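Everything on this sheet refers to the single structure shown next.
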């Protein structure tokens, strides 16, 4: 992975967020406080604006910087969680020898673990983790079995979508929607939606390079 | 005039006010603060409830009591004005020998004068006086020329209506609408409307007795 | 209409009872006739009494207490109180040096207080507040309305009265503060009088009422909504036109919410207004930001500027202990 | 959306600047990262720092000053502030006895303050406020939300800190006050986040949201509007269920407006709530009525009951000098 790939993905993610303004906004209005879109937009835009600063860094250093920037930019629940994800991912990448997809899968999984630690949450609590945990698992499995990039991307896009949709039927036990009880059922979790969008953006960008 | 007539008229007036709720309310909403109907209703209802207390009094004493009750019941601009009217009317009636319509016309005119003194206003200022001053004048003229009751009543109903309608074209220089300038044009003054209703109620009640 | 009410006819008494219960250390409530006095009657001072229609809370009952009012007479919502209330309040508050009525300049308030003053067995004087410069004064009209500037008059006169000053001295100070104070308001939405059950005026989603009165009376004009700075600029200009302050004047700036406008916006207004006034060479040394003279649930705000001198400053700064303003004690 | 704003992105900084200008005697504003501290730094005490999303004004900046907070970190509207703000605020306010963070229990606030605490070069502790009994606590959830009761925690802890008490003592008192406090809110209308430009939730003209959160989060249930007394009864019952106070408990009753509800209605609520509580053998000896923890322009109110003991009473009564609460100095 090159830093330039990360920077391109950042733009792609920012655009994906902007394209889903009304969806993200209404999801958080329904079971949260309505600011998730604004939070994600603020974070994604800040990263895109860092391009010059990040360009010269190694991928792990860039990911760490991105995490720190998100930490001081997003706020809310998603801020420290996404920040922990990127900082942890950067840390693992730095420690591990870069052996391609396998090390990225490991770094991704460590990022997700950091989110779990920070948010004290797991699968089935109607949060972004319902997207991230299955994707991390699938990513590890597929890279371990040396699946090709195209298949990995297609599979992760699918897994993310499944995870995102799975939140619809759940009661929330973490985050703002936890106070809603039964009333949360029938609504997709906003953080799950934005994570699904981000994973889709990364995978699609990766597929473009592939071609 | 008998006290029983006053008491009957009070009910008639109260009903006339209640019947015009939405009209009185919208007039004061348009160029005032929207409470004129409630004020008039509160006053009129209080008088109707005094029946037992007033029954045994002479007409002049009853009018004075009515004025005092209105003073402590209505509030706003219309309260002290209408109170002054009734108290002054009672005073004149008490001082004058009762020679029928002539003394009532004099008492009415003194009541209107009291309003003018209290409110420091005259004709053409877009207030209740645009109804009351012409009616007082006409009442004096017609009683001086010994016109019959039926004609007096018909004429006063007409004069009151003309006065009330005349306020539509005026700019207000007294009362709450005075701050509106040109924007008051096109709206009938709420106090003028309620006075017109009251005069109509008195005259119609008087015509009933006549028959 | 969405409000926390039971029966419409009970709103006033229930609310007054809650106020008196919450502030029983400060105020005492009398019902029928309705008036409030300080819990501890003060002696040997001019009794300062105000009053007016309800719906402007904390005006006036929130200003009863040491250093401000001795009593307040609340009328029905947006309707002047009646003379029997003022007479009873004066009877209860009179402390041997006469009664000063502080009255906002509305036909109804003026006439009801006037009749009370005529019937009063004590010496009395009246300060009429008329700070609302939305109304262009003219010899033909009854003049400007009294709005949020009334709070400043009540504070300063209340302070002077505590020193044992004469009735005439209190009136003179009140008139002076009033003459150095100008206000103008802007409404974004109408208020809803409980008994009416629907908004006093209709206003579109893109409109504002410039110069609105505190009863929802129409103001200078209906305008299309603009960015806050442009609106504030117009209000500040109207105030400067009315007061024509000298360069380097010292002033108190009051940003008053009408009831439904969040503090966040009121402080934003303060920020712009203070900057504009500084730009005009005015030195803002005192401030007050919050809901001090409201119009029920109206969204909107007014700006009040009071030109200070040493005397007014001293009386503004002096100790006060009321439900709403409290400092120095 | 009708608001006094210029550019949406500037609302927060313009409002904070106005606040700092209006209260320059009390507070100092730092921008980027955004935080406010007392104008005069205090020495040799635990520094009490709070913070949270903006839109709840006067929470928290309005409580900076003697006897209460040393600093506050305002986030974007309804969004937790970020760790860099807390670190900078702590750096500025630290006075040799450690930092106590007072944090409302929301996932975002908890995590951001947690990360700040981890990075902090000073000793620190955190009091999590969780007074909102609309949320039925369960081992599976993150627990109750922190709402208006936070003001009482900040007042009491702030008072104790002025005595030079230790970090641990301050945390212990904060936890105690929180455990003896319960709140529940009712919304009549939604709030509108400026950046969203439209109401957070839809609600019919005849509906209310029982147990609403201070960000407009849904509560216990959507109900048909009823007379105030019936609504208040339900809220009071929920609070009594949560606190289970002993007979003859002494309590503080706080009626908090969410931003667009007039004082007249808040006092009416006080009247009914106090009567109901008296009826349950609770002795209301302290009260607070007004907009203390708002939700932008939401119409609605919350009721908070805090069970007093001698220690809490002493710290509630002790002198405080902030933009919002001020007594004894």
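Read from first to last, the chains carry the letters A, B, C and D; within each, the first residue is number 1.
Throughout what follows, contacts are C-beta pairs under 8 Å (C-beta built on N, C-alpha and C of every residue); 3 or more make two chains touch, one makes a residue touch a chain.
From a predicted model like this one, the values you see are computed outputs, not experimental measurements.
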Touching both chain C and chain D, which chains are there?
none
Contact-count maximum falls on chain pair C-D
Chain A to chain C: how many Å between their CA centres?
54
Rounded to the nearest Å, the gap between Cα centres of chain B and chain C is 32
Where in chain B do residues touch two or more of the other chains?
none
Specify, in ascending order, the residues of chain C that touch 2 or more different other chains.
none
If every chain is a node and each touching pair gets an edge, what shape is that graph: line, ring, star, complete or other?
line
Which chains touch which?
A-D, B-C, C-D
Per the touch rule, the chain D residues reaching chain C in their complex are 2-7, 11, 14-19, 21-23, 54-55, 57-58, 62, 188-189, 205, 208, 225, 227-229, 231-232, 253, 255, 259-272, 274, 287, 289, 291, 294, 296-297, 299, 301, 326-327
Chain D-facing residues of chain A, complex:
25, 29, 31-35, 38-39, 42, 71-81, 83, 118-119, 173-176, 178-181, 183
Spell out the part of chain D that touches chain A in their complex, as residue ranges.
33, 53, 75-85, 106-108, 111-112, 114-115, 132, 134-136, 140-142, 145, 193, 195-196, 200-201, 213, 215-219
